[in-house]
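All chains are identified by letter, namely A, B, C and D, in their written order; residue positions are counted from 1 within each chain.
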Amino acid sequence: MSTIIDVQDVTKSFGGVLANSDVSLQVERGGITGLIGPNGSGKTTLFNSVVGYHPIDSGSIHFEGQEISKLPVQKIARLGLLRTFQQTRIYGAMNCVENMLISMPHRKMTFLESFGRNTAEDRERAEMLLDFVGLYEKRWLRSGSLSFGQQKLLEFAMALMNEPTVLLLDEPTAGINPTLINGLIDRLKRANSDFGITLFIIEHNMRVIMNMADTIYCLAHGKLLAKGSPDEIQNDQRVIDAYLGAH
Amino acid sequence: MRAYPRCAEESGFVSHHQYLEEYNPMKKSLSLLGCALGASLLFSHTAAAQDCETITLGSAISLTGKYATNGIHAKNGYEFAIQKIKDAGGVQFGDKCYNFNVIYYDDESKGDRGATLAERLINQDKVQYMLGPYSSGLTKAIAPVTEKYQIPMVEAEGASRSLFNQGYKYLFAVLSTSEQYLASAVTLAAEKADDPSKVKVAVAVENDPFSLDIRAGVLEDAAKFDMQVVIDEQLPRDLSDMSAILTKVKLLKPDLLIVSGHSKGAATAVRQIGEQKIDSPMVAITHCEAADVVGNFGAAANDILCSTQWAETLTYEDPLFGSAANYEKEFKEAFPEYKDKSVPYQVAQASAAVYVFKDAFERAASLDKEAVRDAIAATDMMTFYGGIKFSEFGNNIAKPMVLRQIQDGEYNVVAPSEFASHPLNWPRTPQ
Amino acid sequence: MDQFLSNIGLLFEFPIVNLKIIIDGLMIGALFALAAYGLALVWGVMNVKNLAQGDFVIAGGYVAWYLSRHGMPPLLGVPVAFVVMWGVGWVVYRLVISRVIERDLFTSLLATFGLAIIMAQMLNLLFGSDTQSIQLDYDTLYFFDFIDIPIAKLLGVLMATALAVAVVLFMKKSRMGQAIRATSQDARAARVLGIDTEKVYSFTFSLNSAICGAAGAIIVMVWVIQPFYGITYSIRSFVIVTAAGLGNLPGVIAAGLGIGVAEQYGAHIFGIGYQQAIAVLLLLLVLVYRLVQQRRVRQSLK
Amino acid sequence: MKKTLFYAVLLLITIAAPYLFPDYGTQLATLWLMIIVALTWDMTGGQMGYNSLGNIFFYGTGMYVAALITIGMVHPIGEYTDASRSELMLFTEGQYFTGLIVGSLGAGLFCALSAVIIGYITFGLRGPYFAIGTLGVAIAAGELVSNWDWVGGGQGIQLPVYPGDLDTGKVVFYFLFAITGVALFIFLKWLYSTRFGAAINAIRDDEEKAEAMGIHTMRYKLTAWALSAFFVGVAGGISAFQLIHFEPLETAYQTINLGIFMVVCVLLGGKGTLWGPVVGAILFHVIKEVTWNYLLGWQWVALGALIVVTVVYFQDGIMGWLMHNKPEWFGMRVEKKEQEGTA
């Protein structure tokens, strides 16, 4: 496996508050990488730095060998690096199918193709993915009327529709009904194995992340605390302290 | 064809008193609102008044917008002449008599609106003869339309020369073209100077067809005398401050300062010339009367030269209106709101335009618009407003422009010399 | 082109001209700053972008002009216009503004645009389309044989300054001023703290209208007004507030004075026909500058 | 079937209108102009969420470009626009019609190009800044053109009068506008059904999300504006010939007239719908003509009030209101598959 996202010594502060300090981490192509840490440890800041929401103070971020820390959001997204939001962002006024069709991978279209209509295959694929996340029955509903958990699933399906190379998920299970979580874990894994999408996940739920990730990074107070396999992390005293200390 | 009840339509029928009230500015708006309601009432009132038939003229005129004041001057001029003609027995030819009635629309001082309204007058109201709008810009917008439909238009308020180089056959203007407005000031300056080629001229005119034409006239005449033009600037349409130009005037000390920009240009210029104590020996502007610079700025206006198409002190006269002085007297009686100021020439020339139509109809003895057009083209008459005779391009070539100087609050004619009542005060004494 | 060069040449040939231009620019800039300060207030406190700003200025001018025609001493026009326009502002707030506060930003922009049309036309119907001014029979002060400062203008600037100082003190010291500042920081928090934001809004808008009115009363004494001149003051206000940012009084004053001077220089060099264009181009420049700034932090200008 | 009939009837009315109401030819043409500018404004304002107050820039620029192309093909422009010239400068019939066609299309292309250039800067602005910025562009353009002597400055430009028969002329202009309008409508109906249409809707609803999904937001925004500018430019070009004489500040770059009317039309009819701008433009035009006739002097106050009331109380517009209250008219059923029947 090769490194697809390479974060080197990234530092980012907001008006004097150090959110990330010399963070370095690697996401392996084809794998599932987890990012954990107590609240306020700088996970989402790091995500935002990777996908281009704000400039970083120092360090470098490479995606498939290309420096991306100075690129704006949409250019990074067009490289195939996609993210979902902690607070979901979907098109509430449209129904689920429309949401899916908007998520067609425009980066793969030529300018002329973007003036085409969506084909039957596109619709089929949209419905297939809605089925995949379990929203097939609700596909004609206005997406704004879905529950929060369902909206998250829709956002996940939209991300899959976009055929990303890497998908950054910001707390995919937060706010989701616990009974649905196992199903979600399964789908995430299948997205990884069946569609070949590299996943990079922020997660609070230890059970979920330990279940999925092959490599986990732990942040605390903006610094990288530990890196390792789920087992190593689970048994790392510094991680345990950080969590206990934080609670 | 009466799909659109027209508000101002009835004014041709209205008794004198009523239309006076309509143009009292404060009451104007109210009466405009009420006029649609009042139309039927007024109609019954007129039936008994005259047995004459009606000739309908059309005019898009500025009742609102930046030209509203002058637009209303023009309208008052039209209405006064119409009433005068009616009182004198109407337009008479054949065995019949006719009274004029004008359909007015408000062009809001906007060219495209004016053009649209002209189309409406011609297409929907079936108007066959038109009176002009106010300002050269509006006339430029409307003239192509009347030309297209071959509707004779006698206009009184569009002076730009550029109206008369388009080959229009149906456009006639009773006023002198605007390049003549201040050209005589250049001549005066040349007369006063030992060496005309040493005379420095400063020109500041508004960026509109009328004023740009004035500028062209001044520049041409200045070139004739080989004068130096030291300032040549355009004023914005929403002018409220011209101290930047006056600063340059102070530095460059021109011998002749020319300003033109309708009423607001006159008001701003006179005020700031006073404030900044500009001591140019000769200052010439337009629209003094319309801006009432004497009333508003008093001594600051002293010795300023004002161009005018007409003045009540001139010796012109005709059988309908009498002398120029008589015209002024009767007009003030009919429109008391002009009591305390001099009647602007914009009013007089509007009346003259109506008079041209009367004369042409009587000579043509026909209602056919081609015959009327030919009769207008052949016009050669003397009026209280001056001689009227059209060139082949439609502009009046029988009347000179007049230059007046404000001397102790009075407008005294100082040029051209054959009409001059007073000598020129030169150099002017600033207050 | 020659004209531009010779105009620039004048600046060097007669250095005193620069002083004259700067003084003129500061005098006109002071009034721009006043109107812009009102805009910054309503923009900052209630997020309303008032395109009718200039029309409030002109309306204030007409109030002063109309009353002075009917025998009121002209200098009284400033406080009277302040009071009258306060009332007008309150009515406008009740009828229109109160209903656009919570709405998206384009709504307030368009609604106040409609308002601007209504106000300009009402003034036109009431007072006619002629330019008007109040002629104060004061003398002109002379310096260096060249700099002239009409006392009327000087008075105008002094009154503008006094008004600005009064407003600033009011915002700093009074309870209402504090409530306004609190609301502009965070309306929801202010509500939680027991501030009646509705009252704050209506007060702020009325205050803005009153400030504009007073500015207009000064303008009618030193320049001329006309029903359709509002837009020029609106544009200047937007330029100033966009350049200075909200809630930044020193910035607003500096930008106001700066734009006054820049316009006078522009008018001197390019001719006063370009004055409006210069103001608008300055606005565009400011927007582009802010945009570049935002792009640097990977953001757009919102 | 029903739909086909509906469109057939509309088309028939469109074709017959100038013959049925020959006296209203110019007003009907103006109505089409309103429809065109409203539809094009809605492309960016309603469908893409970028509320421009400066689209009038393309109208004015279209007028000037069309006129300059026409004149430039025959006469030296500087001499033609010189007001003090004394000789007549005429156009033959062939030159007129070539100018009309080439000029209008050239105007469209030029406007599309300028939309790309201006948009590249202004599309970095959001919300009110975009509105103010575009308004600024339009005002600045008018001011600069009015100081530009070569194109006539404040004098404006005079085009030749339609050379043929009068009544034919009126009908010709009507159909020029109508064909442009119908073409635009069909074009938009197609455009909004494509991926491009969905993408600009996505930009409107949540641009950040659209960016995060890798949609080429800038490219689509520029394209949408350029397309809309093309049609406005063409309409401006035709208007120039219809009006014959125009000047920069009040006719061409008339920011507070047509520039605002087009926005009000859209708001009145319903933003972001295909029929909304059409319905709004028709209604607005009728209201305007009626107030202009019955409220002489007060028409602008009435119009300002209409703007305020529409914006404050009725922002969803007629189509929005109907869609909310009569969803079945639009074939909107929750379970049913046909969902894009908003038109």
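Keep in mind that, in the parts below, contacts are C-beta pairs under 8 Å (C-beta built on N, C-alpha and C of every residue); 3 or more make two chains touch, one makes a residue touch a chain.
Because the structure is predicted, anything quoted here is derived from the model rather than measured.
Steps from chain A to chain B, minimised over paths through touching chains, total 2.
Common neighbours of chain B and chain D, listed by label, are C.
Among the other chains, the CA centroid farthest from that of chain A is the one of B. One finds 49 Å separating the Cα centroids of chain A and chain C.
Between chain B and chain C, the centres computed from C-alpha atoms are 36 Å apart.
Mean C-alpha position of chain A lies 43 Å from that of chain D. One inter-chain figure worth recording: chain C and chain D are separated by 33 Å, centre to centre, where each centre is the mean of the chain's CA atoms.
Residue positions 121, 125, 231, 271, 273-274, 276, 295 of chain C are each in touch with at least two other chains. Of all residues in chain B, those that touch two or more other chains are 28-29, 64, 109, 207, 234, 236.
Each of the following residues of chain D touches two or more other chains: 143, 146-147, 297-298, 300. By the touch criterion stated above, chain D contacts chain C in their complex at residues 51, 53, 121, 124-129, 131-133, 136-137, 139-140, 143-144, 146-147, 256, 260, 263-264, 267, 297-298, 300-301, 303-308, 311-313, 315. Contact residues of chain B toward chain D in the complex are 1, 4-8, 28-29, 32-33, 35-36, 63-64, 105-106, 108-112, 115-116, 119-120, 123-124, 137, 140-141, 143-145, 147-149, 160-162, 165-167, 179, 206-209, 212-213, 216, 220, 234, 236-237. Across the interface of their complex, chain C is touched by residues 25-26, 28-29, 64-69, 109, 207, 232-236, 238-245, 247-248, 250-252, 263-264, 267-268, 271, 275-277, 291, 296-298 of chain B. Within the complex formed with chain B, the chain C residues making contact are 3, 7, 10, 14, 17, 20-21, 24, 28, 121, 124-131, 133, 135, 140, 142, 146, 148, 150, 152-153, 219, 223-226, 228-229, 231-232, 264, 267-268, 271-276. Remark: chain D residues 22-27, 30, 83-88, 90, 143, 146-147, 153-156, 158, 161-162, 166, 169, 243-247, 249-251, 254, 257, 292-300 touch chain B in the complex.
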